[in-house]
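A, B, C and D are the chain letters, set down in written order, and residue numbers restart from 1 in every chain.
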């Protein structure tokens, strides 16, 4: 897709569109079809989604992850209710209060987490406190978990099952922010069903944009009773496309032949390779388990400077409280190849020499 | 773009993507670029927009017309304020209360209009009443005008200038819903600047989707002080694409070589041809001036039945109060050719014979 | 309560507090009690409300009618839904878009009505249209009826039963704006139960402020499942008083010994007397049925001028479309006596002489 | 006001109404006056407020502190903006997301604080981070400070001046939650002006309910340009009373002869006396500086049990993280006398003996 070396490790949203998805868009453009989702491409997507999740599901494509998360959360929590999340969750830190907007003012309640994951007991403690406050505190309604997390970590199925069980016992519904769901499933080696509704996830933001689509994410819910409200909320927030076929066609191509999983595996593999390569750099220290396609790593300043001089791009990251030294975030993606990673590692090591 | 005759006259949003725009999307996909609009495609679009409007403007692409309208209106009216519009305006009847949602509960105040256009004096009377009510009535803040309107009519520049002048004298700001702006400009034979800021329009929803794009509309404002708020509101409503280049590339291709105007002219010409052809159908009666690409016409029931039997698609439309007989809406679009129209007319006339 | 003649006929909200209610406030102030409604005064009110409505009800006092209406409506309609009302309804014209605010942007859908009342069939037609539009139109959810209406008219029980039946058959819930509920019950001669839940009303704003309280209205709902949401919404909108006893004490005193009904009867009787007195004024023409305590009447300009010169206060009212001559609104209230009315009539008649 | 010993130390909102304020309400009830604030009582309050603050101010009475805070904040921050506060602030923890509701979804950004007060530098650091995130983070707009705080501490004027200066330099506006403003001013020994606009406070919630009123707080702003928006927002949230005189009369009586300050001094003196008395209880440890009328104190379990057995009421409080032993909150108020405090201390000491 590109004919120059891939030196940008700043994010996975800097990528273009996978050729299979571009081709699907072009193919879908032929002829007239009914608008707003009453078209054969959207029918096909619904069938694919049912197959993927091994049961009938409600799937609503939208163009952005922020929209998917915020619309999904808005049907899980009323305006006077609260949504728990790790304090570092993307919905809490990077979406400009979109969940507050879509929900009509529900409150995101950030819980402490060093690695982006909640642990058993956190929800119970928080809900007990909330309920002791009565109407003065928002009413607990939902929890949102990221899979993979903003720290590049991935919940095991056992961890998720425990959290979903705790949430349901507390009367909370569970949303999963799957902007990098493909990375998680590729790593876990399970099915999409096993990672979601079979262990208690009520609603999923199924990401595709970072992993090869042009602009496509899907809201997937497993309770058909939510479908009507979702449809109205999507329309009223301007996220129902008139030429809906072009959202559906992207997602169908993404699922076709498990392209999404192949991309997730490639992205993860490049992160593994990069991590292995950087392990040999003196002074490097990885801050989180590298489960998906993100590496948060402490590197010597000289190494960072040399990499940037060589044209590599990546973000500085705030170091954890009480720790020293510069930290950077490195993100791999579906369109990276071994040579891209190796070029980075080579400069990093050479610098250290 | 399609190899079968075009028998669907139900809307202009049933169309595919113009080949020039598809090609631009594919070209933009090559390589990595920064996300969220800091890319060369978006820079290029900003330059093109400045050229189109003959001055620096703020342009924010989004994927849908509902988003463009609702975001634009949300910066023109606070939640305790009111927005005037013809009662038949798309924002009032077809967007599931999106303006109310984005604005945080501002009130759309529908004024009567038989042809989708406001006339001088309506705003003055409505604002005088509102102000007599003090805080019990929402505070008048803005007016939104559709160009072309939902009834397929087009304001003359003189009409617009008078309305904008009246609005400004009343302290209202003016938004233009230009979902079919290309049809209007093609008909008026003026420039985009002459039809907007030069006569007092403060914000424009510049439509492209109905006229050849995949999913692209642009919010254009002429007061740079609004830019920051617009950026935040776009992000928080989930309408900022991470792969922003793909919105910009669509719009750039749409403007390139005045493709948008060529499409508008073709669409209008097909409506003119269709109108002329149907004039010969006994019992037909056109209900509105056909200024753009929509025809609202009373046709004999037998004609309607024959057309549908021949595979033509179009919507029944509620007849005006107090009138008889079935009314249909016929919409032409950029991708129709004379043979498509002639086929429709032939069946309509044959029926009548 | 006042030692000068009562010459202000502009509204019933210009009145002071009934002495029984003032005394109840003073009595309730003695000693400490738990805050936020966990006090004996609030318990007593709940018992009184159950007795009044002949069944267990949920009652939440608030300080204003706008709050009562808007909170009640916000539990009956989600933000993407619609609430039908006569276009002239107070919630639609006089509350600065409070229902839109509290509901998070639900749309008030005003239906035409010359006398402030809906008639059978209006809801069915409107809902059928809404449903034909799918997600592009807000989803029909509720209807709000004023009893008495803004035009001083009162629904008969048969009329209400028919409307509630139609609403329920359409899946709508019914709210009643009872800012002047006492006037209605006093006129209808039925019980509060017979005028509400027994004929299908789901939620009631039970007014007291205009009829003798300091600042007290009650939200009453007949479906206990709504209680929790109401409590949260009241708190979050700042309408839960910490010294809640002072709302409850007002309402208890208002109900005690049917003070509310006595006030309603007095207010109605003064309107009847005023109407009878004005019937003898040449050129006078009453525009609406005087069912409660409001008279909308056309009077000769000279009469109006003479009344104002004599110190009487009242509002000019916009005449109905297509009609001539000045119209005024005259409002009576619980604290008026025959001499107040007679003084007004005397000046009106003298003027005509 | 009460004839039994005052054994409830749970809050200052369990109190009745000061006799002077009750008398003012009764006096204001005489006769008819114009509604919605166009009355002589409201005029008088405006004059008193100007005198109190030594300059023209905008003052809008409402019935609750939640309403005062939320309405004030809603004019200082747009829905896509952020409001900084100590994480323990009442607006963040006890108002059921009212600020989020009134602002249309602005985000409260809680900053860590052990004693309820912010310190210099916290705002600068937080704003720098926010701005580095661009539109992905809400736009910094305001900060709200409680005076006195939820921990019963009080900012010195120097501390406030420094924080306001820092806030303004960052482009933030400053709101002060003065639910216990009287306690603060009584302790600081300065004027209301010196504690607010003279050192940079832009908007104040001036509390009266906890300190002797029935239900009255005032929104006070020092920028007249905000007045119009405030008026509309108050109406639309249902907080504009039709019988507005009864809010104004409460606040006028509260200011008359500096009743508010006398109450604040009494309340503070009772807290001082209580603190001194409890100092002699072995095992007691006060957790915060007792600047106002709240004491957070660790007491032996046996002491707590004995106090409750003797009929005293107070809340258990969560102990600070990592600390042992039960903590209680004791609140004094304007209507307490020395004998009330001494009775509490006697039981506490006796227990320890």
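Keep this in mind: a residue touches a chain if its C-beta (ideal position, glycine included) is under 8 Å from a C-beta of that chain, and two chains touch if they have at least 3 such contacts.
Since the model is a prediction, treat every value here as computed from it, not as a measurement.
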| item | value |
| --- | --- |
| Most distant chain from chain B by Cα centroid | D |
| Of A-D and A-B, pair with higher C-beta contact tally | A-B |
| Proportion of interface numbers common to chain B and chain C (over half same, under half different) | same |
| Computed distance of Cα centres, chain C from chain A, in Å | 51 |
| Between chain D and chain A, distance of the C-alpha-averaged centres to the nearest whole Å | 42 |
| Cα-centroid distance, chain A relative to chain B, in whole angstrom | 34 |
| Multi-chain contact sites of chain D, meaning residues that touch two or more partners | 79-80, 95-97, 101, 104-105, 135-136, 138, 232, 235-236, 240 |
| For the chain A and chain D complex, residues of the former touching the latter | 79-80, 82, 93-97, 100-101, 103-107, 129, 133, 135-138, 318 |
| Chain C-facing residues of chain D, complex | 1-4, 6, 8, 10-11, 13-17, 22, 25-26, 28-35, 62-68, 70-71, 95-98, 101-102, 209-210, 214-215, 232, 235-243, 246 |
| Residues on chain C engaged by chain A in the complex (per definition of touch) | 36, 78-81, 104-105, 135-136, 138-139, 228-229, 231-236, 240 |
